[in-house]
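The same chain A turns up in both complexes below, where it pairs with chain B and then with chain C.
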Partner chain A sequence: MNGLDGTEKRGIKELGAEKLVGWDEVEQGVVINSFEGDATGVANVHAENRNYSDFNSYTATVASWRVIKPVYNRDYCIDCQNCWVWCPDSSIISRDKQMLGIDYDHCKGCQVCSEVCPTNPKSLLMFLEATENDEALAGWPEKKEKEK
Partner chain B sequence: MAKKYDLNEVEVWDGNYAASQALRQAQVDVVAAYPITPSTPIVENYGNYVANGYIDGEFVMVESEHAAMSGCVGAAASGGRVATATSSQGFALMVEVLYQASGMRLPIVLTVVNRALASPLNVRGDHSDMYLGRDSGWIQLDSFNAQEAYDMVLCAFRIGENMNVRLPVMVHQDGFITSHTAQNVSPLSDDEAYAFVGEYQPYNDMLDFSKPVTYGAQTEEDWHYEHKARQHKALMDSRDVINSVFEEYKAKTGREYKRVESYLMDDAEVAIVALGTTVETCLLAAKQLREEEGIKAGVVAPRCFRPFPFDMIRDALMNVKALCVMDRSAPGGAMGALFNEVSAALYTTPNRPIITNYIYGLGGRDFSVKEAKRIFKEQLAHAEAGEITTDIQQFSGLRGPKLGFFKTKRS
Partner chain C sequence: MAITSIKNLKEFSTNNDRFEGAHLLCPGCAHSMIVRELMNCTDDNLVIATNTGCLEVSTAVYPYTSWDTSWIHIGFENAATAAAGAEAMYKARKRKGTLKDPNAPVKFVAFGGDGSTYDIGFQWLSGAVERGHDFTYVCLDNENYANTGGQRSSATPIGSTTSTAQAGSHSYGKKEKKKDMVAIMAAHGAPYVAQLAPNKWKIMAKGFQKALETEGPCFINTVSACTTEWKFDPKDTIHITDLATDSLMFPIYEIIDGKELNILYRPKNIITVEEYLNAQGRYRHLFKPENRHVIEKIQKDVDEKWELLQRREEARV
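Our next item is the complex of A and B:
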């Protein structure tokens, strides 16, 4: 699984003005290139193999202001892809319809994934940002009996 | 392939029809529009041309002028030649997106048929909407009759789409007085017009899948200032491109345009500075005064309202004794905007002529040759007295008691 979730390239820097350029050097119209070089057919290339430009937020951490985070529990997940479909920030990492985890460099903690998770108990639950994932998983709730 | 019009050497067109024919000849790819009086026929005609096969383009119907300009921004960013039309309240609703279009450096052409802004509601011509766009980062060209409305639209595409400019351009004409008055117009043939405007050259277009781009990025205090400075420089530098496009147009048509038009100014001692149809009214008055009373009167008119022709205004007016700047927009607690800008330009000349301001013609109130002559004579009185003999800001053609503000400060 190493490399599959794109961790080597993802979130390696803070987004922002890594270099302040002169007013006459900025790209006119604030038009931003997503990729370096020719990007023909890039839609068919996995994210970790794309040549993202420095301006693309894929290579940047843009989640520093998250206060609660989703934690993923593989033991209950049925790979239904609900969370992947609903995530508004493309922060559910999934490959070949198998759920791999959360992209914490881009997740804002909106809780949508946890809301739409259909399993019992849920495979995605929200915890305070400071909570360690291991600690969260250790205290995972039990399956709830259906109320009759 | 679009069908062609077989045009006469001289056609009888009103300003709206003239503008729409220019849009057709430029083969505009997309018009997203929400029609409004008095500019409605421009986009209505475009729709007709598309429906009848005279344009290979798209008419996009939208739910507001905000959406109209948003649609234009999207289409222009995608890489098409784009135009629309609006007036007054519609222009006001567009304003937010006007800044987006210029900030994204998209060469959209907006034909504005000038009309008063409510309240009170009014459909007649004044320059409130044109003034509302003056800080929006667009190039603003002004036409004084139907022929010029046609000519300026063709020039607008050339200017805005120039690779050193890439800015949106407004072409203004006066509501009803120009837009609904049929006049003789000498058009180019379809082939000549399209050869002049040229094939649209996309730049950073979103439909180039080999180079996906994002439009509408956020920049905070680290970059925003630099982008706005660069945009301002592009607007200021567009002056040279405007000059050369006008020269090329003259070579093609014999019709000469300048960023500042000067009429009877060679020996003029008094002048009126005005925009729109008022220019022709004042010119008639100046001619009559010269013939009847030997008064050396002249008229100066910014053809290009933005970028403001600070340079050419100075050249045109620095040697007159007294001039009046006419503002056809409610000044909202200040001197008229054109007065302020012309004054600032002339303050940097050695002569510093006497300058006064008239507000006039709001909501389509008529402005007559007789009144223009009276104003010329008033300038002569200032010149002879060596000082401003009236209030600095006055109101022309206003019913009820005389209204005016500020006197010359002498101590």
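Our next item is the complex of A and C:
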């Protein structure tokens, strides 16, 4: 192509386009599909039943970010769902109004869930990543008296 | 399907997330709390535009996407433009009869940071709202350009230290007041404008639903506590947001059709701004004797603003 001397024709045809297309006929650019196949109604499908594509970050993990991890103790949980609504990493698994546990592939160990858990003792507590969950549950603290 | 009603948190938790984990936002980042909640407020199809900033760069790191809906990434200033363009195209194609499923309910949403909303995308947002596109714009207001290392924006409050308005021996940080974006958007005559916060999840959910249901351009400023730049422990995101709403640094209210103002949250115990400021590293220098006057100024501004909001609510103007 020549330099910009002002006389040169630089319309879409000169650039090699066969025919002009309308605004609603333009080919799609780069598209990354979150799902394989039809994703209609995905809002009503649980994660475990979805057809995630390899591009969906659900198929990835950030577990290596964690230094500490939350451990869930069902014995004290009242299913209030505070942990669910405030987890920034979609890592609290709740089904049918019940808290089921933590998605350790996506949890970053931020401790927000433990902070917002209202039970006494808390139903979510933080432990070093290397601690076994059974061990953590065995040493769960007793109910704390209210500070005066 | 229509928008689900939200009675309580248990019921809300039956929603299936359409914002996926293994995004790369900092642990404890409020951006994702807000985005998750908006997407859980509706079962409708969503077309979401997000301009660059922490949210965008952390949720679309090739080869991954964290979005289970149609999602458009666009340049720093153009979240509103992209959402408006998509909405205009949708309407035109509906008219022409070229949509695959013309009856599928769809909502158009734009997410922008405060840097893009208050500063760099300001005129494009203003234009899209003035043209009356049917979309909801949500600003994730963390009061700084977090993604590029915490520069000041016009949403940064007076007295905050940022990488471009640093506190030191000659400065107490940013000298200028935070821009009142909610008032500016209400002045456009937008049918629904609000300021909401993720700690008040139910008020926020209702506000989001109202915005999504309202025809025309809606603007919502959300308080998004930023653990990295505000300098607090990631576990405290909700606690800090509680301090923000209870000190009235971030009053929670809506403005309908540019005039009808409703306060949506009245703290039972209003705390001092000092308590809020003291919980964050970005304000630590204000507690030096020579900077104390800035805290007094912030308190005065907050009191005046609260008074104004209450008067406007009462007078219905």
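In the analysis below, the second predicted complex is superposed on the first by the 116 of 148 C-alpha atoms of A that agree within 3 Å, B and C clash if a C-alpha of one lies under 4 Å from a C-alpha of the other, contacts with A are read in each partner's own complex, and residues count from 1 in each chain.
To be clear about the criterion, a residue touches a chain if its C-beta (ideal position, glycine included) is under 8 Å from a C-beta of that chain, and two chains touch if they have at least 3 such contacts.
Note that the coordinates shown come from a computational prediction; the quantities given were computed from them, not determined experimentally.
*Asks:* Is A:Asp38 touching the first partner chain B, the second partner chain C, both, or neither of them?
*Replies:* first
*Asks:* Now for A:Lys108: first (chain B), second (chain C), both, or neither, which partner does it touch?
*Replies:* The answer is second: A:Lys108 touches chain C but not chain B.
*Asks:* Looking at A:Asp89 after the superposition, I want to know if it touches chain B, chain C, both of them or none. Which is it: first, second, both, neither?
*Replies:* Touch status of A:Asp89: second partner only.
*Asks:* For A:Asp24, select first, second, both or neither according to whether it touches chain B, chain C, the two together, or no partner.
*Replies:* Both partners.
*Asks:* With both complexes superposed on chain A, which partner does A:Lys122 reach: first (chain B), second (chain C), both or neither?
*Replies:* A:Lys122 sits against neither chain B nor chain C.
*Asks:* Which chain makes contact with more of the residues of chain A, chain B or else chain C?
*Replies:* Comparing chain B with chain C, the partner touching more chain A residues is C.
*Asks:* So which bits of chain A does chain B touch that chain C touches too?
*Replies:* Looking at chain A, the two contact sets intersect at 23-24, 32, 34-35, 39-40, 42, 55.
*Asks:* Can you name the residues of chain A that touch chain B in the complex?
*Replies:* It comes out as residues 16-17, 20-24, 26, 28-35, 38-40, 42, 55.
*Asks:* How about chain C: which of its residues touch chain A in the complex?
*Replies:* 1, 9-25, 27-33, 36-37, 42-44, 59-60, 62-69, 89, 92-93, 96, 98, 101, 104, 198, 201, 233-239
*Asks:* In their complex, what parts of chain B are in touch with chain A?
*Replies:* Where chain B meets chain A, its residues are 103-106, 166, 204, 209-217, 219, 222-223, 225-227, 229-231, 233-234.
*Asks:* Touching chain C in the complex: which residues of chain A?
*Replies:* These residues of chain A touch chain C: 23-24, 32, 34-35, 39-40, 42-47, 50, 54-62, 65, 79-82, 84-91, 94-97, 103, 105-112, 114-116.
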